[in-house]
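Chains: A, B, C, D and E, in written order; residue numbering restarts at 1 for each.
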Amino acid sequence: MKKTITNFSNFHWIDIENPTEGDLKTLDLPFDINENFLEDALESGHLPKFEHSDKLVFIILRAYTATPDERAIEVGQISNKIAFFVYENALLTIHRAPFDFISAHFEKTFDSVEGLVLSLVNEILLTFESPLKIQIDKMDELERQIFLKNGRNISIENLYYEKAKARLTKKILLITQNILNQFKVLDKSVSDLQDIKDTVLDFILKSDEIIDDSNALLNSYISFTAQKNNDVMRLLTVFSAFFLPLTFIVGVYGMNFDKMPELRWQYGYFIILAVMVAVSIIIYIWFKRKKII
Amino acid sequence: MKKTITNFSNFHWIDIENPTEGDLKTLDLPFDINENFLEDALESGHLPKFEHSDKLVFIILRAYTATPDERAIEVGQISNKIAFFVYENALLTIHRAPFDFISAHFEKTFDSVEGLVLSLVNEILLTFESPLKIQIDKMDELERQIFLKNGRNISIENLYYEKAKARLTKKILLITQNILNQFKVLDKSVSDLQDIKDTVLDFILKSDEIIDDSNALLNSYISFTAQKNNDVMRLLTVFSAFFLPLTFIVGVYGMNFDKMPELRWQYGYFIILAVMVAVSIIIYIWFKRKKII
Amino acid sequence: MKKTITNFSNFHWIDIENPTEGDLKTLDLPFDINENFLEDALESGHLPKFEHSDKLVFIILRAYTATPDERAIEVGQISNKIAFFVYENALLTIHRAPFDFISAHFEKTFDSVEGLVLSLVNEILLTFESPLKIQIDKMDELERQIFLKNGRNISIENLYYEKAKARLTKKILLITQNILNQFKVLDKSVSDLQDIKDTVLDFILKSDEIIDDSNALLNSYISFTAQKNNDVMRLLTVFSAFFLPLTFIVGVYGMNFDKMPELRWQYGYFIILAVMVAVSIIIYIWFKRKKII
Amino acid sequence: MKKTITNFSNFHWIDIENPTEGDLKTLDLPFDINENFLEDALESGHLPKFEHSDKLVFIILRAYTATPDERAIEVGQISNKIAFFVYENALLTIHRAPFDFISAHFEKTFDSVEGLVLSLVNEILLTFESPLKIQIDKMDELERQIFLKNGRNISIENLYYEKAKARLTKKILLITQNILNQFKVLDKSVSDLQDIKDTVLDFILKSDEIIDDSNALLNSYISFTAQKNNDVMRLLTVFSAFFLPLTFIVGVYGMNFDKMPELRWQYGYFIILAVMVAVSIIIYIWFKRKKII
Amino acid sequence: MKKTITNFSNFHWIDIENPTEGDLKTLDLPFDINENFLEDALESGHLPKFEHSDKLVFIILRAYTATPDERAIEVGQISNKIAFFVYENALLTIHRAPFDFISAHFEKTFDSVEGLVLSLVNEILLTFESPLKIQIDKMDELERQIFLKNGRNISIENLYYEKAKARLTKKILLITQNILNQFKVLDKSVSDLQDIKDTVLDFILKSDEIIDDSNALLNSYISFTAQKNNDVMRLLTVFSAFFLPLTFIVGVYGMNFDKMPELRWQYGYFIILAVMVAVSIIIYIWFKRKKII
């Protein structure tokens, strides 16, 4: 456990990193905390939540922490929880993972608890920005792969995991948006809160786009494969339709019957070659009419 | 029927396990109960509900009871009903199946009916936790099977039943969530209720994830199969395209016509071998250009 | 037209079965009825509705009347309308089809119009119970058919019609639920009304399950078929890949060129048999590596 | 432009058919009209709308005008706009296309503007009735085609256009329903308005059914085709698996090696025939076991 | 940066085109602006938003700027932002791209800030009109391509990008609609605002139609391809089923066994030709019965 106390002009901030259950219980806090809140603060997979009692506001948010290549598709895998205990003159934050943006805030100046909370919330949301950007780039890459004329097969596996990640990101963001709508702030902070809400809406739209693009890409890919199947099968059919009859004909005159008049004809061989050319032409015309070739 | 009466400091609790209709009617209860409520309490497949009359609050909830391998996809198969009759100074619970967590509550201490009810409701919800975890693990296993390079066919049947189970779990949880939103509790219990609501939201998200993953997996699988079909068909086409023409050529010179000049040529055999090599090369080049091989 | 008047202690009930337009106009009713209501009461395909004027409440509900095997997929085919004109001291019901549960009510005792109406509404809803049960059983049968290892093809036609029926049932039930939410009843009937609402919710959930299962089953079936296609095609490819080259080789030595050195070799035949065995082994190894067999 | 003025007992109605922009501007109307309203009244593709200023209520509705076989899938193609300017003592209607039901209203009697408007609105909605009926019949025909055992291929094109038409009809009806919910009428007209709302709900349900049926039909058709593909491919595989080995065997004994012992055997031919029968039987048994035939 | 100041009778308008961050900070504005607003005004990809403080209303809208052939499928690619700072007696607009309709407004006359803002908003929305029209035409072209009997393959790629563009357009329009619903205007402008709202609804419907048509088209195309696959495969099967048995038969009599009685028969050759005709007829009848040809 790492405990950092920062004193601002008219309030103080206690940040606790990676506490154990024991740590929290023996923690000498200047205020008492509902047991439920402490439990939630420790539960690493807890969804974002907002709750207020008479003395404090309790908020849980999740910051994006997965690396781009992780196949992380569970809430606890792609994100880490930060719990806020917001008092009149104090802020207590509890989180398991270390966050650079939290340390950075130790050095800044804030003239109200609210200002500090909003600034931290803003940073939490910004952790989603770069992963979403990377996902959008990956989708563009997948698009290029599938629509490039000579492209190789796309990775359905990557598509599946990118979509699952975007879906989960969207769900976390939707719950976060719901929580932000319950925030009540002083007039001077209204615009900062709105800015945060704008960011969430923007990210929700982006994750939605990734999900929709994934669906559309997979459907396009299935359609493409069906079309390629058709092309290959048509080719096979054309080859077979030309050679099966011809091979049959030459097979006939390869039979060893004692009495096969055609074999004795002066121009039998040439006549049969002509017949085969004729058969090929007829098949060719028939295929052309049927629009198969 | 098994009837357990527990007396707490300022209220008492009557728990009735597995009653028959007759049992309930002859039951000597210290309070009278609306007939509709008694009927509902006996109907084993009843959905979660919340209703309050002037004297009591009547709640039905469902605890998850299916074993992981059961192909249980009906409300009455995956879960069992627990009915609560909540009075000012008394609680009556009726359920068909025995539940360990109920027996465990006989030994605990509660200072209000509300406290006991919330604790039981919490336990009811926690019966969903482990089955959801098992389902998530099964989905991960199915994911591995399908995306593993040398993997065997996935079990579409398992996928179907896992999805159906998750869908049903989600529906029960959504109705439960709706009921929890109708609960009105004293200030000191607000946080406990919120904790229960958080749990429901978390489980709903999890069952939702299983459903979404199932859909995505099946689509990925269909796409994979289409791709494999294409690969196999291309292989067949390549084999046929090479050997059908060659077999035809050797068939021609297997004919028994008396007069076939080529057969008499000194190097006829070698010339025809050369022709066949040339034909193969041409087909090969053509296939390369068409990007079929 | 069949008209039945029943007198209860403090109200009376007029039930009219299968009236013509003329019947209704010449009907000697002790109260006057809005023309629109009469029209609606006669329109056999009318959707459930709720409307109240100053003197009466006008309700239309639909009872399920299709037999299980009917391919009835229109509102007017799967259900029959019952119109209620609810007055302070009187009830007028109009319906085209005869219903056993209505006749049964002539013999019962009710102490208020409301009590009678709720009892009839309850019976109307219960007409949906058995058809839904039968549909759920049919879905289970279809599930068994598709997932049974040696099962035959499922009937896509049955699946289509079961789904259409369930979808329509759900839509009627949703409109009915909406209407029930507009009912206003005396305190003593609140619980009866809630019981009816519970039933509707339960049936909506069930029809929803049938629809979801149908979708999932069809997708599973498509996936299954794609997999079977792959299996059959692989088999064909394996057969062709083995025999096409071999047949070509034997074709070569079936040619009748005067000068074919191999034909004169002492062990030519045995050498060529050995070559063919070698070719087969090579193809076999290649297939094994490519995971095709 | 055709202008018809009808005087009723306590109000008058001006109907204008097919006006040009110029017509409207020079129109000598007994009341002045907001410019925006006039513009909307002229814009032929305008969606249904409801707006009220202090002096008048302005309504735009759309009547269905496409013929059943038209591939009309844009708002302006399937329907025509009618604009209502509703004053205390006057009604002005503007529309481009002639409508029989409007002319018919010139001869009727109405005792209020409201009564006339509701009657016209009712007629506008009834223009959707017959096209929906025709579409439902077409869907039934498509269903018969696809599910008939010996049926021919369905027209995917028709399915596509019927669905697009139903989707557009539903959207227009949904906007219309939204507008009707903004109508405020006198007590005596409440029931007439409700009747119109019932009609809209009924039509929305019908168009919804057509859309759902289209989706289900196309999926059923894809599933059917996949199944037929499997049947045909299995047939091909069976044929190939039987004849490829046999043709290879006869090819072997068609080779012209000088030294092929079997060819000299007394019963070589009959032995080889027996071998081929044996091979066929083995393949047959293998296929039976694999459930391919 | 280009700064244009226009003075109207009772207010003035400052339009700033393509400012840098520095420009904005050193800008000598007659009023002070919230820092958050300035930041948003500079962020080029910002979604539409509406916010009001005590002194001003801050609005961001996006005008469509992509050319028809661009594969622009991100908010910042298909549209450009215009920020409005609306004061009692002044309007400040900030945008990066030059817009003809803005310059055109410098010459017009407006008697209120509100009038100018609504006129600009209207023009912003009209930038969506022509791209939507072009997209609808492209969809019609794609429809023709797929449903034309002899049509070539459709471009799945185009379909994918048109759909993505329409989806994004719809999302921007939905956010815009949400913002317009927050506008509060004077009575005399109500109708102008409603006109703008009508336009947005119309465009949302249109983009929705493009999305729905894309989905339906891709599904139709997949269905078509499956059907064509079936046709080609049936053809292949028919060819193989006819020639494989015949080729086997002629292969039998091409064997070189010393003792093959049939070869010596006077009419052996003709008998075997007759047998082959018979085999062909049997296969033909069998195929006819199985409805394969």
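Here, a residue touches a chain if its C-beta (ideal position, glycine included) is under 8 Å from a C-beta of that chain, and two chains touch if they have at least 3 such contacts.
Chain identities (UniProt): A, B, C, D, E = Magnesium transport protein CorA.
All figures in this text were calculated on a predicted structure; none of them were measured in a lab.
A.B. asks: Treat touching chains as neighbours and tell me the shortest step distance from subunit B to subunit D.
C.D. replies: Step count on the best path from subunit B to subunit D: 2.
A.B. asks: Hopping along touching chains only, can you work out the least number of steps from subunit C to subunit D?
C.D. replies: So the least number of steps between the two chains is 1.
A.B. asks: Approximately how many whole Å separate the CA-defined centres of subunit A and subunit D?
C.D. replies: So the centroids are 35 Å from each other.
A.B. asks: Measure off the straight-line distance from the CA centroid of subunit D to the CA centroid of subunit E, and report it in whole Å.
C.D. replies: Centre-to-centre distance between subunit D and subunit E: 21 Å.
A.B. asks: Going through subunit A residue by residue, note those that touch at least 2 other chains and give them in order.
C.D. replies: 222, 226, 229, 233, 236, 240, 244, 247, 251, 254-256, 260
A.B. asks: Chain touch graph shape: choose line, ring, star, complete or other and state it.
C.D. replies: Graph shape, chains as nodes and touching pairs as edges: a ring.
A.B. asks: Which residues of subunit A touch subunit E in their complex?
C.D. replies: 136, 143, 147, 190-192, 194-195, 198, 201-202, 205, 208-209, 212-213, 216-217, 219-220, 222-224, 226-227, 229-230, 233-234, 236-237, 240-241, 244-245, 247-248, 251-252, 254-260, 291-292
A.B. asks: Which residues of subunit D touch subunit E in the complex?
C.D. replies: 34, 36-37, 39-40, 45-47, 49, 51, 53, 73-75, 150, 153, 156-157, 159-160, 163-164, 167-168, 171, 175, 218, 221-222, 225-226, 228-229, 232-233, 235-236, 239-240, 242-244, 246-247, 250-251, 253-256, 260, 262-269, 272
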